[in-house]
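Note that chain A is present in both complexes that follow, paired respectively with chain B and with chain C.
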Partner chain A sequence: MTIHNIYIFNKNGNLLYYHEWNRIKQTGMTRDEEAKLMYGMLFSIKSFVNKISPTDPKEGFLYYKTSKYTLHYFETLTGLKFVLTTDNNAQLVRELLQQIYNQVYVEYVVKNPLISLSEPIESEIFKIKLDALIRQSSIFISKAA
Partner chain B sequence: MVIYTIYVVSKSGGLIFNHDHTISKIENEKTFSYPLDLKLKYENKRIIVEFGQRDGIRPGHVLYAVNGKEVTNCQIDDGQDVFEVLENKDQYPLTLKFGRPKMTTNEKIFLASMFYPLFAIASQLSPEPKCSGIEILEADTFKLYCFQTLTGVKMMAVADKNQSGVELLLKKIYELYADYALKNPFYSLEMPIRCELFETNLKSVLDVVEKSGVSSI
Partner chain C sequence: MSEETIFELLHSAVVDYVVEDNTKVSEKTNKTDAKDEDLSKLEYIGFFAGYRMIERLTREMPRFKDELDTMKFICTDLWSAIYKKQIDNLRTNHLGVYVLQDNAFRFLTKLSNGKQYLDLAPRYVTFTCGVLRGCLANLGIESIVTAEIQTMPSCKFHIQVQRPC
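Up next, the complex of A and B:
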């Protein structure tokens, strides 16, 4: 099992944070363009899910799976979006995303008055804590190790 | 366990077949007094609930009827403007019927062609090489399965989250497509499938899967 990368978007679709752990293939475009493409896809999936759903959705889109990876999506009520890609066997990724929001984002970004909430996150402590949380989770086993 | 809808999308992204298997109608009729405790707005040629939620009526639901008379666009059947009626205190109490918007054929075609780029982008954004497009997409109310054949035709099924064996069902539908659509001399590729045999066989397969699982097909 492995975790590939994480994207954090704010409600306007700006990329706040990106980090990768085990990413083998790059898209060949700049990070900025890639983030726009990713956000555009998620935005479309959200409206697609809303329309195609047989009953009234509450949380809406949860994840999608391809032959090689799974993309997990978690959106807070304030419109903050956490996107984590893992391999197809990963379990309980939703709980991990919630932990990232509760224990890392709220603690080290929201509670830090020096960080503007609409700017990309540069905080060193946020990066360290996020990395630590991901690395100690049971989903994260590096392929190199 | 339920299978809601089946879609078949051609290589170029057009919807060539769709079948609604089980679609539950969500409709609520309620009597309201003045003033209305829901906020309504006119959008895309229908009146939808913008804010407010009660008795099963939720934001996004469409106003279908006022006092039993159907609403088309912004007008009631007898020619009155809906918003004028709703704002007029003397007309109350009013019986309003709300429901989840039904998908029109146009919307289905639109959605099917919308899935095509999503499928492609998912494979482009992959962190691993040689990745396929979306195979399963899960939301809290349903699970969408997509099976792409070697020739690029996509078989899609919207099913209940607990329905098992949908992947095998899609392969079976591919088999039916090959047998009854492609072998039909009056069927031309990439065009909508209007073959009776295909449809009847598909229906019976769906019924069998819902009742006794995939192992029995």
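Up next, the complex of A and C:
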């Protein structure tokens, strides 16, 4: 099992943070373009899922899966979006996303008065804590190991 | 998430308010030498908070034997009351200089764990310097309190007792 990369978007669709661990194929475009494309797709899927759902969609869009990877989507009530891509065997990714939000984002971004909530995150301690949480998770087993 | 968070958020809002107020003043007076920020207002707020707080904390305490005893009280009881932990290290030269070291100071733990943002760190310890000075003042000890930060989140508070000579 492995974790490929993470995107964090704010409610206006700006990319706050991006990091990759085991990403083998790159898109070839700039990070900004890639993030816009990603956000646009997520936005479309979200509204598509909500419109087409034959019953009341409680949580809406949760994840999609291709033959090679799975993209997990977690949106908070405040409109913050966490996107994590993993391989297809990953379990309990929702819990991990919830932890990233509670234990890393809230603690080291929201409670850090020096970080503006609408700009990309530059804080070193945030990066370190996020990396540590991902690496200790059972989903993360690096290719090299 | 609770009373501690609201205290942390209020504190950072107060810091922001004072700093913003300062920049407005320096724009008006065209002072551009903003190397050392004027944080005396923050210190003053802390002083009064500490001055009043100590009154409540000590109401059931026996008398302190001496100055060192007072400092020990500050390191244990006062620090646990405000920051839910004790000071990690207390040192003194027995000539009126005390160094209180906190290895994980509450207002700095979320900021950084190294040198990042070090230039802005003084803003977040000034209030506490005032609290210490206010507490000591109400206990009858005149002092000057300064803070020293080398790597966050650790912070040293230097207390220099002013002796009448």
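In this text, the second predicted complex is superposed on the first by the 145 of 145 C-alpha atoms of A that agree within 3 Å, B and C clash if a C-alpha of one lies under 4 Å from a C-alpha of the other, contacts with A are read in each partner's own complex, and residues count from 1 in each chain.
Here is the rule we use: contacts are C-beta pairs under 8 Å (C-beta built on N, C-alpha and C of every residue); 3 or more make two chains touch, one makes a residue touch a chain.
If you're wondering where the values come from, they're calculated on a predicted model, not measured in any experiment.
Student: Given the superposition on chain A, are chain B and chain C in a clash or a fit?
Tutor: Superposition result for chain B and chain C: fit.
Student: Quick check on the superposed pair: does A:Glu33 touch chain B, chain C, both, or neither? Answer first, second, both or neither.
Tutor: Once the two structures are laid over each other on A, A:Glu33 reaches no partner at all.
Student: Which partner does A:Glu107 contact after superposing on A: first (chain B), second (chain C), both, neither?
Tutor: A:Glu107 contacts chain C only, not chain B.
Student: Touch test for A:Glu124: chain B only (first), chain C only (second), both, or neither?
Tutor: After superposition on chain A, A:Glu124 lies in contact with chain C alone.
Student: Is it chain B or chain C that touches the larger share of residues in chain A?
Tutor: For chain A, the partner with the higher number of touched residues is B.
Student: Is A:Val49 contacted by the first partner chain B, the second partner chain C, both or neither?
Tutor: first
Student: Return first, second, both or neither, reflecting whether A:Gly60 touches chain B, chain C, both chains, or no partner chain.
Tutor: First partner only, chain B.
Student: Rounded to the nearest angstrom, what is the minimum C-alpha distance from chain B to chain C in the superposition?
Tutor: 29
Student: List the residues on chain A that touch chain C in their complex, please.
Tutor: 107-108, 111-114, 123-125, 128
Student: Could you list, by residue number, the parts of chain B that touch chain A in their complex?
Tutor: 4-5, 23-24, 26, 58, 60, 100, 103, 107, 111, 114-115, 117-118, 121-142, 144, 158
Student: Given the complex with chain A, which residues does chain C contribute to the contact?
Tutor: 5, 8-9, 12-13, 15-16, 110-114, 116-117, 120, 124
Student: Spell out the residues on chain A that touch chain B in their complex, using ranges where they run on.
Tutor: For this pair, the touching residues of chain A are 4-5, 20, 22-25, 27, 34, 37-38, 40-41, 44-45, 48-69, 71, 85.
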